[in-house]
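Heads up, the thing below is written out as structure tokens.
Labels for the chains are A, B, C, D, E and F, by order of writing; each one numbers its residues from 1.
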């Protein structure tokens, strides 16, 4: 059977308002209602089979990896709930048509409502635990939307958020519980779960799973101490309350208890957790309801109380109690929905829900009053109404308890007390609203609502009466089927009669009636008593708690992310240190077996130079120019070290990079403070020094350990194939442009991107140029010393020649595109230094951006050229040629690649430096005379 | 061309980026936009083809320069890398479309830099060589530096200083780690390293371990692992929207690298070096998750909240990765797809919301009404539901996968509560965010600036992934399962890489 | 390599090293900046020169073909050393660095600084 | 013999560089420090050429040439910085 | 026509020659391949950089120039030993001095060469040129007789340069 | 010799780390430069030290490991690009924020308000 159609129908219905355009409100309501109506009809067609004890199923695989199936299952319990959801849903649709005002977006309301309906149907039809949870959470989300429908009201927003938070938390617990249960039985199918109750209860994780499951159920059905969200959800439009908070959402929790009853119940733990929670909730809700002045508040607490009652019944571990629970589910849904609707009508027509103002409405709306009174009587458990029947069964079952041993009598006594309060608040509802004098200061003069607004109430009240008077005819088969599902088919003997004789439950009922009357009569005393207690508004407490948590979170985050880079870097390095140092503790000898080189004077001198200059850089760091000089020395010594240890390419590269870095740093230093004060506290210095020393020590140790151990590397391959495979003698270069040319392609891309990024940074930069150096001396007047200019310009051709030389020889001897590019760049920068930007600007027009792009493009196309020969990217080609007179020479694709590198490097270096230089040019004359104020230098505004 | 498929996701954006810098494209924004979108679509097609091939054939290797592995650099397109490549281009498309609605003209070189960023990310996913991984890290980092400052402004500069410095320190550590590993193993090819690692004597093992753990710090930095994540909230919340959205993939590169390196080289088969990361990664990942949740609750604006949700998702992801099991890895993969696209969409959404709310921007205070409350509201709900891991959107599948992967393990009692409570924190934070942003109005008139439809399209494009991930959850999880199995079956992969050639 | 050649190379190498050292001693020892400025000339001229000649001879003999590229370095050094000295002197003058007490024509320094004629 | 002479020369140049660093750290004025650095460049060239002679490899020539070219650029830039602040204006 | 061709291909023939020779020196080779390549570069590089230089007076008497170079080299070597002794001696015995040298050369290139020569010969450093290019300021490590020094420089170097550049 | 070399690497690292932990962008740039020197030397040494071993075929009998050299070359170039970017970013930060502190504010005025706005982005 295509059970999926049942939840699908309202889902489609939810989409109707999207397409309804400007059709009338009634048309909209009607077209929306068609979908659940169709589902209802479809369901009724199937109902007989279910009532006969069949279980209908539908399943397709959805996400097997998590065990999620699209699996539906219709049994008696499901049928009962489906009927409640669909019938009351339809009534609410009708009711809402009249309840919502013209200005309100009814389409949106219906969409949310039908989405919610889908979710509820999904829950009650699920045959897969994950799918059940999916719909479960969907009810939280859609109810959030419904409760906050009047989003302009702060109450609505807060109430909705609170409901979402509580039910969301429960939902997460439920997920954990369902996963555990699924794990216990090895399957997420509900069928399997229900068939394996014994297995579950024997599992050591059963208590955990049970608690998690109950957390889900109790939060949803507003059980103490999670009840507090429900009264605040009353900020929702009344149709929502009538639907969600009587028949559906809160009942989802109850449904969950009933659904898992066969699998989870029957243990002492179940009894204690479920029935005690139910009992407390029952009493607390009933007691508190009496003191509510808000009509809907009273109904909300009454709902809490009745949910407690059902929970208590389900907790009692007796089969009859389960039947009573199921019965009360039906009854509560009918009378509570009608009461909410009546309350909504009163609110709608009188403009108030405050029972202190609402008085004597009997005169104004007798029809509504009559309906409400019948429903309220049912709530109070007055005979001939459905509430009486289930309450009677409840009282009977409370007597049948023995788990509390000698204290078992407590339960019936407390149940009776609860019943008394229930009578009292029902009385208050009736008397306080419809009688009790005249209305006080109502915004509107109350009158009867539109005809069709009452129809849903009438239908529900009629049901109350019908069930109350003819229980056997009206609900027996449904109750049987549903109870059978709860009890896994083991239905107890019971009879739904109005009169069971004069027995203890009857006495309890009478006691409750009398007690209720007494309580209501003496309500003023009670109100005074109640008023002595400080009133805790759950919303305020909850909001306060959330605020408090948020504040604490802010404090934690502020304390942790204090915005100090120094801390972040410290932590990074500290953990890096721990990561590195930990394993070294297992290193028994730092020196390995590899023979070491002999120490000599040169190396020692170099080490001294390096150490001194590095330490000097640190010491002078606050006098920046000097630090820059000692940094240069360090760089120079590093280059020499590379030369010494037979890495000429490295020496060349390090040297050129070092020089160009220093030039760059000087360019930047001009705009930065030349000196800084001592800022770090001694503690911080000690801390940083310790960390630095430790990291240095660890890195040095690792380096030493590595160098003194033999290495079997892949490098021999490069040495043997460099000439034959790569066509070059300089193995390092062949690695760069051939074996690992891809790295180099990435590397020049990095360089190019950096240049672009720097250009972005420069564009739109506003800098203040110092008019003199840090001693306050005005700058020298000699902008371009003649000798420097002249010599520089004559050196340029030579430098270019050297670049070409370095570029061309790279493949066979130290050199290559990168170094050549840097030499060219330095030579051009030299011209800028000697002549200034303006002078050059008119003489050279190179588009450095295009140079970068062209360089990378050349390198990339050289790589892609191999595709033409059906070889992988970057496959190199080289050959030897012979020309008469000139002799042998070699051509290699690597040369093109290297040329690309060269162009990129030149383009990048020049894009950076030339533009950085331009920053100051335009404004410079402004303070040429020496003491002008600091003038802003603005580059052109960055735009595309 | 089919045999060159593995390199196309790198070369296409590279060439595109370069051509966008040259005439005739460099002078015309409309042309740049057209080319960029076209290239992105081409990348999607390429990635889909790659996905298909890896699905059918397992891993593809591509020996650059035709040098045999392990001597040359190889690209390895296995299922994971193919999947992540596709993810990158999908996210890229969303971010790019959004940028084309106007953000790209707030500064120079947006489109070329965007292309280079894609190139870097794809390269990092596809390379089978550890030093080449470093190079691609740098490509994507430098592109991200330049993109981070796109649009200008103090906040961006301030964020960029932190981001750049921290990452430069990270790059230095990366090189220390590489030096250590090369100094012990004598090779750079990841599969070859894995093979050599098993042969190490006790005298070398501690060194390899130090190198491996240092790499964990480096990747953890990218993956925003506690205590290395500090660059993230500020960077992500100050970057311009499409950039922030694109950045959503960057953290995944870090996570991927941990997965790749610590499963292949230091995986179950590495003898004494097996699973060296787990003792650190597991607690740190959970702490990241916790701090991310705390940060989410403390967030004053939607961007900050999204940044913190990114932390949460990284915590979840790394928790899964730390488990070093195929099912957990599969969960991580699925979760990655989900969280990347949703986070990206949230960043875009935050920007759109901020633009419509005047001075209040995306902060959680009352503001003028929005112009497009419905379009944005629906998008927000979708994004929020997905981000909290609530059904029926993709977050829940990812979360359930992860919970199932930890089920029965000793860690369950630790991981489950943290993961679930973090979900609650996200619910609270996002519901607070949504109700403040959409429902608390002042009387001011809506901002006059119109919202280009393209922006909304971009957001919905990314968000569409979430329901689709659920609807097609079956085949997708099947693929992620296969991908994870492939990764953990290191022997087979090593074989592939050793073999060389394409 | 014949003994004579080796001897010549040795002599040149030692001479070069010596003058490099002398130049540096000068930089360290002289009493004011302007006198220090003279010292590196030793290293730049005879110091570098003899080393480069030594290198030319050594490689020419070893590889049996003329190795003259060292001359280029000489060329570079010769061209740049005076410019460097000039620039450094400018800096010192600009920053009004004091010369040693017994310097003659000290009064000129302010004129030089401003690039004015002596009168 | 040559080896000995080379070792002595290398030693002398090394000591010369130590002296340079000493002067650089001593100052007292920036010009003195730059002078020291400049001298150090010269000595580095000498050292590199001596390495070349010592190792018998002609591979070091370019390094010396580069020091000559780039050292000059560096010194010029440093001087310009002290004179004008802005080295490229 | 020929002149225009020369100007096009060899804007500065001495530079081209220098580059050509330098190329061969760099490569330590006079192989045909390098001759061709060197020639190409000797043509191309000056053309590329032509715009990056102000026109300079050209050397008119190359033979004299060679003589000048040799003379300076000789002086440098001689002065090196002299100055080495001065430097190693006690500092107090030195008589440093600033000297203003009146100039007859005013073209930048010859002037620069003169200043360079003075600086290259140990013991003297060209410190500055006056703005009017009439004075060259020199610092000398040890001054015995100011007039003699001026005469020495003017006679030995400045006069020679005037001849070489015919200015 | 290896010991001295390792000592230098360690010392450079320590100096670099210390400067990276300072509060001004310029110091950090210096620190990162020193750190990258250390990294380069470290990476280079991972191929072990060799004298007379330039990896140019025909120039010597036994060669040093060329691979780390190539890696260092790449690292140098990338390091240069990164440093350059950081240097200019430091300038930009000074220009935009008015000081050269890495946090964009001088920490003597630490107000919670600023921190919050910092997080707000």
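The rule is short, and it goes like this: a residue touches a chain if its C-beta (ideal position, glycine included) is under 8 Å from a C-beta of that chain, and two chains touch if they have at least 3 such contacts.
Every value quoted in this text rests on a predicted model; they were computed, and no experiment measured them.
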| item | value |
| --- | --- |
| Chain hops separating subunit D from subunit B, counting only touching neighbours | 2 |
| Shortest path length from subunit C to subunit F (each step joins two touching chains) | 2 |
| Common touching chains of subunit D and subunit A | C, F |
| Longest centre-to-centre distance from subunit E, chain (CA-based) | A |
| Centroid comparison with subunit C (C-alpha atoms), farthest chain | A |
| Where subunit A and subunit E are represented by their mean Cα positions, the distance between them in whole Å | 74 |
| Rounded Å distance, subunit E centre to subunit F centre (Cα mean) | 41 |
| For subunit C paired with subunit E, centre-to-centre distance based on mean C-alpha positions, whole Å | 15 |
| Cα-centroid distance, subunit C relative to subunit D, in whole angstrom | 11 |
| Sites on subunit F at which at least two other chains make contact | 20, 25, 38, 42, 45-48, 51-52, 54, 56, 60, 67, 71, 74, 78-79, 81-83, 85, 89-90, 92, 96, 102-103, 116, 118-119 |
| Junction residues of subunit B - those touching two or more other chains | 131, 135, 138, 142, 145-146, 149, 161-162, 165, 169, 176, 179-180, 182-183, 188, 233-234 |
| Touching two or more other chains - residue numbers and ranges from subunit E | 22, 26-27, 115-116, 126, 129 |
| Touch-based graph of the chains, sorted into line, ring, star, complete or other | other |
| Pairs of chains found to touch, sorted by chain label | A-B, A-C, A-D, A-E, A-F, B-F, C-D, C-E, D-F |
| In the complex, subunit C residues that touch subunit D | 6-7, 9-11, 13-14, 16-18, 20-21, 23-25, 27-28, 33, 36-37, 39-40, 43-44, 47-48, 51-52, 54-55, 58-59, 62-63, 67, 69-70, 72-73, 76-77, 80, 83-84, 87-88, 90-92, 94-95, 97 |
| Residue numbers on subunit A that touch subunit D, as the complex places them | 601-602, 605-606, 608-609, 612-613, 616, 625-626, 629-630, 632-633, 636, 639-640, 643-644, 646, 648, 651-652, 655-656, 659, 662-663, 666-667, 669-670, 769-770, 772-773, 779-780, 782-783, 788, 792, 795, 799, 802, 806, 813-815, 819, 823, 826-827, 829-830, 832-834, 836-837, 913-914, 916-917, 920-921, 924 |
| Residues on subunit A engaged by subunit F in the complex (per definition of touch) | 557-558, 561-566, 569-570, 573, 594, 596-600, 603-604, 607, 610-611, 614-615, 617-618, 621-622, 624, 627-628, 631, 634-635, 638, 641-642, 644-650, 653-654, 657, 660-661, 664-665, 667-669, 671-673, 676, 679-680, 688-689, 691-693, 695-704, 706-708, 711, 713-715, 718-719, 722-723, 729-732, 735-736, 739-740, 743-744, 747-748, 750-751, 753-755, 757-758, 761-762, 765-768, 812-814, 818, 908, 912, 916 |
| Touch list for subunit E against partner subunit C, complex | 22, 25-29, 76-77, 80, 83-84, 87-88, 91, 94-100, 115-132, 134-135, 137, 139, 141, 143, 146 |
| Footprint of subunit B on subunit A - complex, ascending | 61-68, 130, 133-135, 137-138, 140-141, 144-145, 148, 151-152, 157, 160-161, 164-165, 168-169, 171-173, 175-176, 179-180, 183, 546, 549-550, 553-554, 556-558, 560-561, 563, 565, 567-569, 571-573, 575-576, 579-589, 592, 699, 702-703, 705-707, 709, 711-715, 717-718, 721, 725, 738-743, 745-747, 749-750, 753-754, 756-757, 759-761, 763-764, 849-850, 852-854, 856-857, 860, 863-864, 866-867, 871-876, 942-944 |
